[in-house]
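Below you'll find the structures, each written out as structure tokens.
Paired with chain B in one complex and with chain C in the other, chain A is shared by the two complexes that follow.
Our next item is the complex of A and B:
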């Protein structure tokens, strides 16, 4: 029999008859594809934007030398220049400035030696690439700044205009002495950058004698690796000498963890979609048994039956995936800026203005949608081919086919859970293996938890119905008893519907539990870390990447102490530095902030006076995990004066940076790094002092000379919570997608389950059951299935979420986070499940109640 | 007869070759130019630099230039800006150890620090003007170039000139330049810089006067066709054979503004 004829005459007819069911199954796949495409495109766009900006400011440099964020001595330029094979070594300052005039916004300031820099970067102050009326004046005056045309147009800046920029020394008036046309470095960061002569930038940003980077070009014919090694040998320990591509890769690796989490959820959503397809095909097989029997009796081969079902799903999945790709691109376009903002605040400055389109993600989404659908449909399609023509035509009930025996299902469930446990154990105990670096295994482990638990659905449903019949059914009268009996009678068929409900809910609960636990752990940590009543910063208070913070001189502490009501002022300095080839956060405040070090001030004092003892640091769990460091070890840190050994006094929880945190007392930092700047001040007020009034007084005292954020500790925590919410925005969005798919699953499963019982309903009507009672039975049955699926799904979701937190989070971040039950979400999803189940029962119940008894009895 | 015939032939041949023996090639012309440039290494110049931008805007600055024949090394140059007030004290120092090996420094008073300019920046703009550092430096090393006479008689400002194509042997920001060298004076009267076949910069040297026996252009104009920007350098005062001491050409003097 021709497959096309089968599809044309049978499939299309079914599509039309079961429009809602087909639409919802397709919608599940569509949403899954939307999630994959949008997350993939957004991730790619952010990386592309970063790489593009990076390459623009890199120019012809073949190697880049970086050190701690506090900068390093400019005298190193001469050392590098003297290395054999180096053509040019040019110094660079890459820092942040805050535009105070106009719209307040953070900009990247690139400080370059204009007299030398053209050897490495392609631009000219007097050529087409810039409108600088007097290059000599630009060079001669330290207040000179060049802004990009993009920024000038956006902010309404004109040549010779004075602009106010927040710097380390407070608000400075800089004069625009030229406009850079949007090409070369001026196109970096979407034009959100300004250029200064390096010495002007040093003066303005408190980096006298210091630079942030050395860009190196090589003489022709020189071997890159040889020159790189020669530079490493020529420099003190702790400097990173890498190719621009290597540095981009570092950032990619840094962001990858964040992106992995999103990928994880986006792929889970397609798996939820898969279950919808599986469910839709399973129900279709049950409904069309007679038709399958007839086709088989007419000579249709088993292969044809499988192909028929797969052909149907292929049509649905191509359409759904196509729409999903379109929706994914639209979603990516609207989400990309918000995503870029989160990356900027948490990891590294980037500016994303739009999506960077490549065919990869649309094609990947399309392929995932189609392949996942076909995979999901294959098993029930294959099962359909084994339906015996005789039993099908005789209308032998589905359960008697023994497709799924409870015993087999339980065995499959146990095997799935064992498999999942093995993967989890791998993550937990050998987190560093190359296998566990890949998120795919964890997705499989999570899925196997869900799939494994779903195999126990018949057993669970049996118990659930037993409990209902025993304790609750009588409370609902006849409807309750009949509903209970009906569920019990068709256990296997109802299990398919319950499993579909279960699966969506389990993924949702797992995802919400993971997100909720991390957020709660961070909030708890923050609460213990923030000491004092007031926090003073000169930039965005929650920025962990320092992209929006202009450091302040530490002497400001003395001025702050003079503000009435202020009792104590503690500075906090945060810089990123290179440690063993990786970027880590150095946090200098007081170690007494960490639990376990609270009553340890004496050691701190001893530290300051004794040079015999090594200074001490504490390191965060991710740092300890990444660098295999334990308490009592000695680590060597690169300081501007050379390598210095530090005792590791403890491993602490610190979520400031997933790249790893080294914390030390600020006097220790100042002594070794010779950096007298800080990012924030923590202020304690005198007992009885009004915190609000002290905040206002600080603003009055410092507001003219510098832009400050003065927040009470409560406001600061609220700001951090907002940042966390921003960070988790995408997780929330993806949770919503999985929730929507779960809801679709509930509706599809229960709608189909009720629709296929029209004959049974006719029988009930024939023996005198009232319409009202029919209505009640069906809705109650639906609610029971919804609740059963909800409970089972929540249990599996909690377990899967815990696995994810313990496995994925620990292995990827090296950080422990306590699992927090997302109670409110679980209660919400249970209510939603019951509500949607009831709703799904309403239409078929109405239909059933109105069913003509004769027609219903003749319905097959 | 044969002897007579041979003598006539030799006479004709010698007669025909005589002009060739006296004809100059490009390198010869430039050696003459080099000799003139070498003769004015010891100098003091007060000049006005006027910069005209593409919009017609004009900025004027004055500067003083000191030069010294630094034998056995090549030469030293110190340039200090006198006005406007914003630029007063901005300076430029050049030590040419040989005609090919030069160290360049700049000084900006508001930073109070001396900055090295890489020797490879010789073709970059001299402090935002249309002249390059090379234009305002001393004579080059002729071995770094190849010379070719394009035309021998072309009148510029009523002066017959050799038209010579000069091609650098090492990579420069230009691929060649064509210069018009006034016969007998041995100074350029016009120059055109090319990147491949594109003319991007052109200069003229006018108002040539002979000071202490040295022909000297008192007005030099350089135009950049890419930026549509031009600079006119006008000499107000010039004195040759100054014989300044070496300590005028130090970084300390640069910091002091040649005081």
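Our next item is the complex of A and C:
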């Protein structure tokens, strides 16, 4: 009950008296929780949406057989049907089409065998089309298509209407023969799907004789695993036979890295919030030292003092986290569509219409906010309980108690940095070990860099003030000299404020540096990969997930070559395939396009011996890391014709897919995969030809028969940069949250630092310091602390960002990226830090300048 | 009864050792009013802090009503301060965020007793020190003398075995000082044991016994048959 009395009679009054400080500490935690909840809910919603669509399309199938994106022979259906225990083996085409009219929306096309498909999927037609489709009519007319009611309502489609859909063979006119009720598969992808007969779909999407998937239902009482193994044994190598849940898990794993990166930044923001709480409580302890002394003298136990501060933080954190949860849900609701778009462009097709609410993330956010706040408050709260009642009630200055000494802090700093160096070295040099499989330890190492450097704050501040006093102080007149002197004489106290400024900035700079470096590395790589003057695609030009690309027949190259001004045409095919149970990207173009490999080519050719007749591939760094492949190894890839061995001719940088990339020359691909489609063409024009005119001519040539995106390489790069910006939007948004928390930290720290010096200011006024000079001293001191914290934070942030990139990125993505200094962000944060510091100094300076000398001196 | 046996107190200031009390022994009978006098740095406040359990002796023993307050845990010491000792400080040491009633109630609030159950006793004590009409005022709304009266009422709320006053009039003018000292005297006459540190001989004369300290040792111990003032 002690605690209740303390909270009721002391805490609540402090809340009323220190509204600004309380509000800012609460806002820091609130923003951190907002970040965690919004990212968590958005991540979950995208996965839920994907799972929901997936399950709807899967229907009653217990197993699914998939191969490469290019499809596999439909003859395999019979093999699977013949396996003991299989009830129905149903072939499926699942591909993308694009509505040419209206908003040019990308839709999922499901090609099914209408005679057997109802054995695994349930769908019904709306009242208007109840008598159609007659299956025979549907089969007899290959232009038949069924659209969902959702799509029909949105696009204004009616029964029997002709619609134009972009297919592999160009624009096709299809007739709506039925409208599907919004249930079962018709609700998949937010209703953004259509159904065709499998044969018609094969024709339209260039998959003659091939299918994308076989859905399998089991006879009653059959053991799932036994049947699965029997199917695996019946099929050639390279096919994935998995349960729908297993396939969903694969996709979850695929986007897990992207989500993990965002999670990491959102947790960093709460860590900055923790430091803000730590700082607010530390300042509160310093300010309320006398109160603590009195309470201790009157018989308040140490435990009760700790509980008093923790109780205060508990109240603040519960309110702040509660508001954070609400804001997080609101933010998630407005961000989820954009996030789904990024996932669709980069990873896998999905359609997210709204957030999927579960209690997990709100409760997680609440728990994180409260636990992080209590953890942050514990150490200063514990330190407060050791305040000697005698010295506190006698008002012995805080620093005299020697809670902190520069020597001890330096030792703590060295130990922290040594700790993080050991962890970093472990990741860098030990390589694959159980400890280094998880990046949590590395994140701790990154934070320890920031914590470690913060211990050197007094030492750094000493040097900083020395330089200021020596070279700059006189330039600011009396205010400059007195401000420098004040900083020098109250080193430990001012270091607390500088450390608070430092910490937020270091985390921000580290996070921005990490994001900026990855983006720059990807941009640099992309720029080097784009060869030629013009790029032609028939879908979203930058979609790396292939979700919005309609492949084109490779023979289009001949037509393109005929366009005046075109000198050379190079096709590029990209498909996803299964390799050793994982989804990897197969990129077929020209191996010479990889800069690292290009330089090595001559040397390689010279060393090729006559018995090395195998076809060559190069693999990306993540692929090499995941599958433990080295240059010179041989890998076996599943092709539609069976397993084929390939020489690994090089390990290259390729950021197209963090799941791993296998690249080969396009003739090699066509030979083994028997796939004569491509995703894009890279065109070189004759010297002197006008690129824009050539682009326009291509559009004119294909305009009626095919919807094409024809971009100059410059426009293409701009498009890619835009997609990258979209992809990094969430990182930047989270960095902004971290920045806002850091700014709150700067204001809280400096405001409190000046407010506690009212008595000292009274003394200065008493001995004849002008109001104007007081104003100058306080603001200048504030700015100096802001700049000192900014410089130290930027240096530590650069280092921590580099550690993150070298460790986290390499460990998590298996790929190297070069560190790029985020100059503009660093300059911005330094200016912001100085500006906010000046702002934080204004109110106390006004108050100090107006201080009644007698009152200030009789403060006791 | 308070008994101090061969108490030494040494402080460390950097490399330097400062001996605040040297082999001090003293007995204070129940119902006594002891004034401790001496120049600055003589160790009088240190002695008061040791008797009150605010600090621990470097060596020696201290008993309050036969209960040792040396060599015990911080929690035990804190509970003794809360229940057995009342403090009055030179600078009042009231909590500025609490009003007079709450400040007076604070030691019992720390014991977990709700304000509603303390209120009557706290009001009674404030009336006894002449502040019955100021119970809702915060320290900043009170004069120095009034603040010290609130501090006295706070010290009395737990019905302590001893009232320890550290220069209670050091921050007050002479007229108000006399009122405060008269109040302390009346409390002593009602049976309250009081130990007061002062450098003012006139204030000391309100006690029944005076000891003088110099360089950490008792140099003089005078008892009066009854209060002089």
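One rule holds for everything that comes next: the second predicted complex is superposed on the first by the 816 of 860 C-alpha atoms of A that agree within 3 Å, B and C clash if a C-alpha of one lies under 4 Å from a C-alpha of the other, contacts with A are read in each partner's own complex, and residues count from 1 in each chain.
FYI, a residue touches a chain if its C-beta (ideal position, glycine included) is under 8 Å from a C-beta of that chain, and two chains touch if they have at least 3 such contacts.
Here the structure is a predicted model, which is why all the values come from computation and not from measurement.
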Touched partner set for A:234, first chain B, second chain C, both or neither: neither
Touched partner set for A:141, first chain B, second chain C, both or neither: first
Chain B versus chain C as contact partner of A:390, first or second or both or neither: second
Chain B versus chain C as contact partner of A:294, first or second or both or neither: second
Chain B versus chain C as contact partner of A:733, first or second or both or neither: neither
Touching partner for A:116 - first (chain B), second (chain C), both, neither: first
Overlapping contact positions on chain A, where the chain C interface meets the chain B interface: none
Chain C to chain A touching residues, read off their complex: 49, 52, 54-55, 74-75, 78-83, 87, 89, 91, 93-95, 97-98, 102, 106-107, 109-115, 154
Residues of chain B defined as touching chain A within the complex: 51, 53, 57, 59, 61, 81, 86-87, 90, 106, 108-111, 113, 115-118, 120-121, 124-125, 127-129, 224, 226-227, 229
Interfacial residue positions of chain A with respect to chain B in the complex: 88, 113, 115-116, 118-119, 124-128, 132-142, 199-200, 203
For the chain A and chain C complex, residues of the former touching the latter: 1-2, 4-6, 9-10, 13-14, 17, 290-291, 293-304, 388-390, 393, 395, 860
